[in-house]
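Look at the two complexes coming up: chain A is in both, with chain B in one and chain C in the other.
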Partner chain A sequence: MTEPLPKPNRKNPLVRTRQPLLPPASRSHKAHGLTLAAAAGRFMLQCCGECGQYTYPAREACPNCLSADLPFKDAPTGGVLLSETRIEVTGDPYFREHMPWRTGLVRLDCGPSAVVHLHGDCGGPGSQLSLSLQLDRVGQAVLFARPVSETPDMEDDPQWREMTADPKYRRVLITDGRSPVAVALAIALKKAGAAKVFVGVADRWKPFEEQKALEAIEGVEIVDLDLTSERSIQELAMDIGAKVEILINTADHVRPTHLFNAGAINTAREAMDHTAMGLMRLAQAFGPVMRSRGADGKTGAVAWVNVLSVHGLSNVPQFGVHSAAHAACLSLSQWLRSELRQGGVRVINAFTGPLDTEWFQTVPPPKVAPKVLADAIMDGLKRGLEDIYVGDVAKDIEARLFDNPKAVEREVGQ
Partner chain B sequence: MILSRARQSYDGVVLAVPVTVPYQRYSIETAHWWMGKALRALAEGAGVSHRDFDGFSVSSFTMGPDSAIALTQHFGLTPRHLDHVPMGGASGIVSIRRAARAVQACDADIVACVAADTNQVDTFRKTLANFSRFAQDASYPYGAGGPNASFALIARHYMDTFGATREDFGKLCVAQRDNALKNPHALMKKPLTLEQYLSARPIAEPFHLFDCVMPCAGAEAFLVMREETAASLGLPFVRLLSVIERHNAFPGDPVQVRGGWVIDRDELYGMADVKPDDMDFVQTYDDYAVISMMQFEDLGFCAKGEGPDFVRQHTFTIDGSFPHNTSGGQLSVGQAGAAGGHLGITEAMRQLLGVAGGTQVEGAKLGLVSGFGMINYDRGLASAAAILARA
Partner chain C sequence: MNGDILATFAGALASGQIRVVDLTHTLSPDFPVIVMPPELGQSAPFRMERISRYDAAGPAWYWNNLSFGEHTGTHFDAPIHWYTGRDLPLNSVDTLPPSDMIAPACVIDCSAEAAKDADFLLTVADVAKWEKKHGRIPPRSWVLLRTDWSKKTGAAYANLLADGAHTPGPDAEVMRFLVGEREIIGFGTETIGTDAGQAGHFSPPYPAHHYLHGAGRYGLQCLANLDQLPASGAVIVSAPLKIQNGSGSPLRVLALVQERSTG
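Presenting the complex of A and B:
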């Protein structure tokens, strides 16, 4: 039975904040096939293109027929526990802080045996287990085994929490309260057990429709935050920077224009200022403190979420500036990811199709409802994903980009 | 069908000059320092110059960035048979097999087989973190328990399947400590009781402290040559009757319950024309007692699954019904890296030469030494064994 996570006490200001440590990070190039799957929450293992046999650990040739055709393919997630241990002693500084650590040897339903992290609620040898690929604190893919059916408080298992970014008892900053997704996010976060939700709003004297809805949610605090102002961001970081364990950047700026329009440069500059530069300003102000708090107790800093347009992955001419700005954000997010990883803080990108809002009035359905986006982000945090594709449009583009990025470019907007 | 012929005998191959460079828990020296000590002791023991060794076979985890060829210049050797045997606990016996064929064919006259490792303060952790690609990809990131965690999975499964208990493992460990107290080279100097064994702190269930070897620095070495060479040098020697090695046996077993010995043991005893019962002592590779138990089964002393019963029915001290790891084994002498695979060989040589001192088994004429090594991912891959006889 998982011990429910106790509500954390107020932090003792006299106690030293622990430096974040990371699990072993070295992996072979081939092993990153697992990283690709884990980032999107899929369970994929190498499967021989010639003889059809699954194989693990990652190899360059099939041990059954020596074929080099070993692509990663979706695999059945079941397995049987063959043996288990509880490690009490290690020379590795990260695991030393997390002892004891439960691992097991599992016979996967698709064939190979695998060493796995074992959820505390898994039964002993002979038990049926459900496997997933998770990104650990250093961002590398690992196999994790959980019981087949849900158990009470299973998300509070200490090993599982190292693989996820569960909002329970954590404090969250939503950077733009005027975003159409802000209310849905705040509601979802509170439902997921977040201790507090800060919502940034620029120019608070300007009324906005969702203000009342936000204020009505218990535990939500509206704070001044103008993403185009370095000073505004720095001031807020000085005030609450050390209280933010999850940051969700909802900044956006949708203004259609044509590439050949005389004023297009100004539109682009403004969009960049709100999105890409905004993200960079946020990173400068909140990045260092979040990175330093990656091991600050059981509810330390854990994730940075960017809500990005799926068109950042491939430009759509009707929203050319918007696409370019989000492409810049995507690139920045990769940079940020490599910096925050050093503190064990994960960067999650939620790629969404057009939201059902005024600025996408001309776009035909299907569009993404804010609640759907908020729920997908909660799911991503709780499962520890890195790339989330929200809505039919985003999922369609993800699949088509995987298949042929040039075709996406030629066919877009048709 | 691939045409396979019976293996040729090892007639005329002998081992001489067992060398142990006394172990240290930690050393500030490099592996090369320990190798140099071992080579000098081999030369002195043989009464020749080290430059007369025209064969050199080396095993070490910590000799990087050097390979065997670099060591020839380091030590002033000019060999015509040069070998690096990076097979952990199987490397000693693999060295014997290769060196035996080299001297039989007169490709070399004297092969110096040396295993040496240093143990600086952080050596062990670094060795584990960089052990192999599969370990790096798929076992070390899972709790970083090293071999303790990997063998704990094998041990737990063995206990569940065949009914072995911690008391059974403890009986072997306690007997080995008893033997070690008679070996001045053993790092463990205090007696061990079964109660102490059972109540020791847990390391990785079902393993507790005294289930685990202590990493240390040290070297083990010996010479392989033809009988005529030994006679001309006036060296006492032991005979090599047979030797086997096998790697990655039974890859389809979901969890390791047996080693490659099973495939080759008939040949091992057949070539030597002896039976398991004929052995006066057995030196198993004891990185963990469960692996020794597996060797009792796989080397034919009892059937698969009867290891626990076999342990309950025998005593394993020097004067016991089944003298086993008479030096104290790695569990009580210490594990000097790759030299752990040579420890049983030098001890067996001393037993058969009648120079084992306090650990001498009365009238020992025939002995078996076994090697096991390289937990590349979820199981030990290399298994090897040799039968040696008093000349």
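Presenting the complex of A and C:
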């Protein structure tokens, strides 16, 4: 039985903050097929195109028939525990701080046997398990086994929490309270057990409808935050930078224009200022302190979420500036990811199709309801994902990009 | 002779006989700017990003890059700002005659009315009442509408409701009168525009902009400290930045006030 995570005490100011350590990071090029799957929450292993056998670990040729046709393919997630090893002592600096650590040898239903990280509620040898690929603290894919059925407080398992970014007892900053997703996110975060939700709002002198709804949520505090102002961001970071364990960047600026319009440069500059430059300003102010707090107790800094348009992956002319701005954000997020990884803090990109909001009024359905986006982000945090695709449009573009990016460019760009 | 006047003036400044009142708000990122419907172009707010501050990017010096719209903070409107003034000569801030940058001011105190009604409108009757007490408004004078609105901040200053901004200003008739009958050089307010918050619904829309700029006159807005000026007799110094083909600019507005008691 998993011990429920105790509510963390306030930080003892006399005790040194632990510096983040990371698990071993080296992987082969092939093994990043597992990283790709883990990032999106899929369970994929190599499956031989010739003989059809699954194989693990990742390799260049099929161990059964020596075929080099060994693509990654979705695999059944079941397995049986063959043996369990509880590691009490290790020389590895990261795992030393997490002793004891459970691992097990599992025979996967699809064939191969693998050494996996074992959830505390898994039974002894012979028990059925459910496998997943998880990104560990250094962002590399590992196999993780959980019991087939839910157990009480199973999300609080210490090994599982190392693989996820659960909001429980963590303090969250939503950067743009005027975003249509802010209220839904704040509600979902409180429901997920977040200790506190700071919601940034720019230009408080401009009234907005959702303010009352935000203020009505217990544990929500509205703070001044203007993503276009370096000073505003830095001042907030001075106040609460060391209290933010999850940052959700909801910045957006949708202003349709045509590439050849006289004012398009201004529209683009404003969009870039709010989104790409805003992300960079946020990274400068909140990145260093979050990275340094990746091991600050059981509820240390753990995730940075960017809400991005899926059109950042392939430009849609109707929202050309918006697409370009989000493409810039995507590039910056990869840079940020490599920086925050050193502190064990994961960067999650939630790619969404058009939201069911005023700026996408003329776009035909399917559109994404703010609550659906908020729920997908919660799911991503709780499962420790890195790439989330929300809504039919985003999922469709993801699948087609995987297949043929040039075709997507032609089709979306029409 | 001119030398004598300026020497007397300098002496009066030095002795404090002439007081200099700063009518300018500090340019800061938080100061509200005019808000347009979001699908229209917007004025960039004031922003300041550091180049260096005695650090690796500049070891011995401190300096910043600035960005802002022409109509940010305490600012000047040139005739070219409005379509009615687009074809006039010398209609942009770079061609503005320097002699127009120094002019006397009449201050009409409507602070009591504006305190009671955010949508207070200055009328010809209000001007007539003022003239009865202080004399006819001399040609080429600034008329400054004192509302004490500059003492408000943030949301109360912008006063944006669901049907737009609610801030005091002039009605259409008084603007026709001031520009046509009194030949004022310009009109100044403490609010975000020379026009009232609801002036888009007037006829013509935005009458202060319409009539002032159509006649080659100027606007000053987001003024402060109008409560420190006499009803008449102050001299306004308002020199906008010399921006090529500029429609306006943030500026430092100074008022010279003669201290009657020491005179």
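Quick notes
One rule holds in what follows: the second predicted complex is superposed on the first by the 412 of 414 C-alpha atoms of A that agree within 3 Å, B and C clash if a C-alpha of one lies under 4 Å from a C-alpha of the other, contacts with A are read in each partner's own complex, and residues count from 1 in each chain.
Assume a residue touches a chain if its C-beta (ideal position, glycine included) is under 8 Å from a C-beta of that chain, and two chains touch if they have at least 3 such contacts.
Keep in mind that what you see is a predicted model, and the values were worked out from it rather than measured.
Three-chain overlay on chain A, with chain B and chain C fitting side by side and no clash. The wider contact with chain A, measured as residues touched, comes from B rather than the other of chain B and chain C.
In the superposition on chain A, A:P63 contacts chain B only, with no contact to chain C.
When the two structures are aligned on the shared chain, A:E230 is found in touch with chain C, with no touch to chain B.
When the shared chain is aligned, chain B comes close enough to touch A:I87, but chain C does not.
When the two structures are aligned on the shared chain, A:T103 is found in touch with chain B, with no touch to chain C. In the superposed pair of complexes, A:N266 makes contact with chain C only, with no contact to chain B. In the superposed model, A:S28 makes contact with chain B only, not with chain C.
Contacts of A:A114 after superposition on the shared chain: chain B is touched, whereas chain C is not. After superposing the two complexes on chain A, the shortest C-alpha to C-alpha distance between chain B and chain C comes to 39 Å. Touching chain A in their complex are the following residues of chain C: 29, 32, 35, 38-39, 41-42, 44-45, 47-50, 154-155, 157-158, 160-161.
Per the touch definition, chain A reaches chain C in the complex via residues 203-207, 226, 228-232, 255, 263, 266-267, 270. By the touch criterion stated above, chain B contacts chain A in their complex at residues 124-125, 128-130, 133-134, 136-146, 148-150, 152-154, 156-157, 160, 201-207, 251, 254-255, 377-378.
Across the interface of their complex, chain B is touched by residues 23-24, 26-28, 31, 56-58, 63, 82-92, 94-95, 101, 103-105, 107, 113-117, 125, 136, 140, 142 of chain A.
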